[in-house]
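Below are two complexes that have subunit A in common, paired first with subunit B and then with subunit C.
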Partner chain A sequence: MSQIALSRRQALLAAPVLLSAPSIAQAQPRAIKLGIIQPVTGALAQDGEYGRIGAELAIADINAGGGIKALGGVPIEMVFGDARSTPDGGVAEVEKMQAEGVLAIVGGFASPICLAASQAASRYDLPYIVDVGVSDQIVTRGLTNTFRFGPGFGTVTASALDNLVAINDAAGKPSRTAVIVHEDGLFGSGMARLLNAELPKRGFQVLETISHPTPSRDMSNVALRIRALNPDLIIPSSYYAEFVLLSQTLQQRRIRPKGIYCILNGAASNFRFVREFPEAANLVMDCNHWADPRKAKTAELRRRVEAQGRFWLYNVPLNYSAVMLFADALERAGRADRGALIQALAATGAGFDSHIMPYGPTQFVNGQNQGGKPVNTQVQNGDIKVIFPRDFADAQPVYPVTG
Partner chain B sequence: MGYPPEILLEAVANGLLMGAVYGLVALGLTLVYGVLHIINFAHGALLTLAMYAAYVAHGAFGLDPYAAMVPLAGLFFVLGYLVQRLVIGPASRGDDSNMLLVTLGLSIIIENAMLAIFRSDTMTLRLPYAMSMVEMGDVLLSLPRLIGFGVTLLVALLLFVLMTRTDTGRAIRAVAKERTGAALVGIDVAHIYAVTFGIGTACLAIAACLLLPSFYVSPRVGNAFVLVAFTIVVLGGMGSVTGALLGGLFIGVVESLSGLYFGDSLGQIGIFLIFILVLLLRPTGLFGARA
Partner chain C sequence: MTARETLPILGFLIGAVLVSLFVTSNVVLNFLVFTLILAIAAQGWNLLGGYGGQYSFGHAAFFGMGAYVSAILQQRFGVNAYPAVAFGIAAAAVLGYAIGAMVFRAGLRGSYFALVTLAFAEVLRILANATEITGGAAGLLISLNLGAGNLQFADRSSFLILGAVLLALAMLITLALEKSRLGAQLVAVRENESAAAALGVDILAVKLRAISLSAALTGAAGALYAQYFLYIDSNIAFGTWISVEALLAPIIGGAGTVFGPLIGALILQGLSEGTKLLIGKIPGLDLIIFGVLLILVVRFPLHRIPGLLAARWRGKGAP
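== the complex of A and B ==
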């Protein structure tokens, strides 16, 4: 029986080769693990569920298209975490995903969850792509791991105001007065303050600002005040249940302003609302996230989502696009390495075209995509149409509302 | 700002309709206080339980909340009777302060059981008439609220007849006035306690069925009403049935008008201002003979 004698010198020479073996294996893994965090239980469960659908569809498309080609066609494997509608829940999932060895994380939905989860991920240099969370704070903390493809609060509100003026001007300036209705939390009150400061500069008189608690027992009083004020425009900033209640109460009491113009509304760009309360929803306008209706992929994706018996919500295209951004950056990074991926994400340019959002050329500054913009939608006869900007529109605005 | 008269009228009418249901919730609370001399801390949780019962009755058996009202009232009467007879009564060992703690414990158990079963999401029934309006001149009134108003008046009337014209009613009043004396003349005090608790709980079941068509249900929803009901009981006088009903209507109008003038976020201030003023100026309440 022969024995292979290994001298000490030979062993030392062989050591680097042996030690580097795992890193070769790491460079060509069987699958790339991508963490998807969404709140699928608790108050935000509906949004989280749709975010997850978007991510799943993107991963399915990437894998069906041959995986990540730069890494020899490895598929993406989803590691899902439920943020339970709380920031703590999001952080706990980041820790679990770190232990599972994910390459990056996509999702979060609500700003508080995105803020906490991306901060936790930054401790591990773990790339984090925010799907929805609009708080401007998310991209102003100097975290190099955090990227947001969609627009932030400042961009959305500025666009919402500019677009309102443009739509009103195009219709011959029928509206001059507005009533702001807002939920009295951080989101609604912040929006109301901003609108109160900005609307008068753009030629609108704010007749009154009405706040309501979340949850609300009743919107009769809000409706009565609006009826007494008789404004041209109603601008609501409320969450889903309260906006549904408000729009139903307005319809019930036959209060018909020239327009209901929402900004980042929880219901106005939501097919659940449109299907369940078609009359109350008709002709409500919203400035919000929405997929690009001109892209063929958008229509295809919508068909696939609806075939599952689900509604077409903006969470789907936003998460789809965020996962596509990850895949695009990974192709350019050329290796499954967090540092390289962060560099590639930051360097994403106009060449990134597998997303389905109506955005300008992609360019990241401090983690924020400068091309990310909201669009104006309007509920028209049971469908949600893009009415502004014209480049992306698939319908004309019905404004002012008459009759 | 000044509002035109038709808007003020509508706000007052809305307040009266909402206030009637508040009054119904307060009725159960004040009845239990009048007889058992305890504040029933489980009142809110029992209201929540009744709302979930009505929700499930609709989901599982297709029963409209209005159709479920009578069976649920019966069921909750039995439930209330048994809870007092088997849990609160024995656990209190004759000490009123123990009873208070037992009801507090019950509320925690019920609320968390609901949280475990139904999770924290709000749920609503979608009924064709939920958003129907009735036009009365210039004033538009919500149909479910009008029905709620009518049913509350009917329940208050029935309760009045029960208390004044029946032996059970006389026994309840006797126990409320003088427990030992009532026992001496042969009234089963433990039974009367349980009957009273049962009636209070049945009122909640009716209130739940009236609320559900136009309101959502969540594991803590009952507390929103009980805080208002407590103010009504203090305003109307602890233990006074008439006081609970009139107090409810008054608080409803105050809430509606202060909501109209100060906004819904600040509107609640009106209610609690009254609460403090009554405690300061007339601690027995408007109709409370006994303190």
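== the complex of A and C ==
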């Protein structure tokens, strides 16, 4: 019978290893806590709810796929916070999530919430991935914890103008004149100014710029003016309710331009509008966030969302992709450490392919993904199709609209 | 104003300092800072509404003016935060005087006064939403530059002390007013404007002084909000939410009292956060329960509960 004899020296040498064994076993957390902030009450409740669905689906997929493999397969646990559609609500949730020990936060939806919440998170070096908020201020403050996978306002508007020219050129330049209809807040007014400056340079004559307040109860005068001007294109910059009202009024009065071309429109890429007002919505074009229709995962995700009795809105794929970005960076970081995660997020490259957005290769500069671009969609027979850029399109543009 | 009368305010200040020293949870500190900001705004409303009986529905105008002037001076003109906040408070006071001069000269009282103040706040909200200098709908972001010299603190506890000092000052001003000739005249105006005028009180001058002071206090709350969150937009600064919170807190806590706004703000925020903490898993349910509790609190104000119980007791004992 052999005996293992340990000398005092061997025992002393072995002691630190034995003592540290439990801590090694505990080094991997049982679950990685990920904070999801969305406004699920208040004015932005619908968007927040869809953002939450996107994040939930991504977490479910990651966990079903074996969790974070670099950490021994630990699952992701969602810590959800309702921002109540206000920036201070977002900040309060960041504080709660910090107390709960989340590794990172995803979401915010509206730019004001994203600005305030990411700033609060920066106090704790807490990585923050913005899901939608397009304000260019979000990524120009020098905050090293803040990342945005989607495009900002500047990129969206530049792409919208370039894409308009490309679509018009491809159709043989049927449109030469345009009327801009905009809400009179800074979003609409700023967009109208930009369009007035840029459209003539691209060969379009702006016949008139018509503003309207938000909320508006009647668009008859706007429609009558458009009828009198008879433009080739109508370019609206309005929120959901006003755009729905405008498109319905145009339909009722049989005003049929060669195209209605929206930019970051609240309704034109929204299935609620398409389902509730199919005739008014038909053939409206929009330049906005949208999922990549070529990816099989997009169709599967859409089926899962619609199976819940929900619409397919861009908040779902954007949040799904933002959570996937978090998981990808965590795999590369190899440890549940905020600093390492921030470094991994900043170093994300073209290898990140588990997202479902129609973007170019991922590359972050000052927290902004340079590959993030909007696409052009068009409502076609009750569905929203991507019509441009061609690389991502699942339908041809119906343009100019005839009949 | 005697030393004995100021003791509770001193006690509040010492309590706030102790909390800042011993409470480490940023969730709690954030809750308290936000509550103090609301309490300062509410103290402003209390001065005009509680003591003067002029129920404003538009104190957002003063809150927003304080916030915007302070933020614009810092961001657009590079002014240091301390003078910027001071200018913000002064601008709110001037706005208060201007609105007062128009409204009180026109002889508007009661619900007419309430509606006109609401309209002023709305006009300012729309202007702020459409003007370049305010950042329009995109809002205005104060650059993150942590340091006491910029009135930005890395820790929430420093903000708690700042908020507590400002609220203590507001309470001291209210207490001084309560004991002053102006305070007595203001109460006289509240109780019976015609009688006060008959006794020789210059109604317009009293109301103008009260609205200016009230606006300055609420403006200070706005400037503090901007400095704490470092971001404002038209809906935050001039939104109806702050008008409602500023008038609800004193009504719940005790209008026309020095501590009423603080007590009311604590109850309001405590109920709001408490329900969210307990029932936050189902979105919106916490707000429904908060609404119900709010109705109950307004129907049965806490400071009246001992009296109500006593009356019930007496009622039972009666033959």
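The definition used in the following text is that the second predicted complex is superposed on the first by the 376 of 403 C-alpha atoms of A that agree within 3 Å, B and C clash if a C-alpha of one lies under 4 Å from a C-alpha of the other, contacts with A are read in each partner's own complex, and residues count from 1 in each chain.
Please note the rule applied: a residue touches a chain if its C-beta (ideal position, glycine included) is under 8 Å from a C-beta of that chain, and two chains touch if they have at least 3 such contacts.
Remember, it's a predicted structure, so these values are computed and weren't measured experimentally.
S.K.: Applying the touch criterion given at the start, work out whether A:Q98 contacts subunit B, subunit C, both or neither, answering first, second, both or neither.
M.R.: Touch partner of A:Q98: subunit C, not subunit B.
S.K.: Quick check on the superposed pair: does A:D184 touch subunit B, subunit C, both, or neither? Answer first, second, both or neither.
M.R.: After superposition on chain A, A:D184 lies in contact with both partners, subunit B and subunit C.
S.K.: Regarding the shared-chain residue A:S175, is it in contact with subunit B (first), subunit C (second), both, or neither?
M.R.: It touches nothing on subunit B or subunit C.
S.K.: Scan A:T41 for contacts with subunit B and subunit C and give back first, second, both or neither.
M.R.: both
S.K.: For A:R141 in the superposed arrangement: first (subunit B), second (subunit C), both or neither?
M.R.: second
S.K.: In the superposed arrangement, does A:S354 touch subunit B (first), subunit C (second), both or neither?
M.R.: Touch partners of A:S354: none, neither subunit B nor subunit C.
S.K.: After superposition on the shared chain, which partner residues are touched by A:D82: those of subunit B (first), subunit C (second), both, or neither?
M.R.: It touches subunit C, and subunit B stays clear.
S.K.: Of the partners subunit B and subunit C, which touch A:Q119 in the superposed model: first, second, both, neither?
M.R.: A:Q119 sits against subunit C, while subunit B stays out of touch.
S.K.: Which subunit A residues come up in both lists, the one for subunit B and the one for subunit C?
M.R.: 41, 45, 184
S.K.: Using the touch definition up top, name the residues of subunit C that touch subunit A in the complex.
M.R.: The touching residues are 25-27, 30-31, 34, 129-130, 135-139, 141, 143-144, 154, 229-231, 233, 236, 241, 273, 276, 280, 283-284, 287.
S.K.: What part of subunit B is in contact with subunit A in the complex they form?
M.R.: Contact set of subunit B toward subunit A: 1, 3-4, 7, 10-11, 14, 18, 119-122, 124, 126, 131, 133, 140, 142, 215-216, 218, 224, 256, 259-260, 263-265, 267.
S.K.: Would you mind writing out the residues of subunit A in touch with subunit B in their complex?
M.R.: 41-43, 45, 184, 210-213, 215-218, 220-222, 224-225, 227-228, 241, 248, 251-254, 276
S.K.: Along subunit A, where are the residues that touch subunit C in the complex?
M.R.: Touching subunit C from subunit A are residues 40-41, 45, 49, 82, 86-88, 91-92, 95-96, 98-99, 111-112, 115-116, 119, 122-123, 135, 137, 141-143, 184-187, 189-190.
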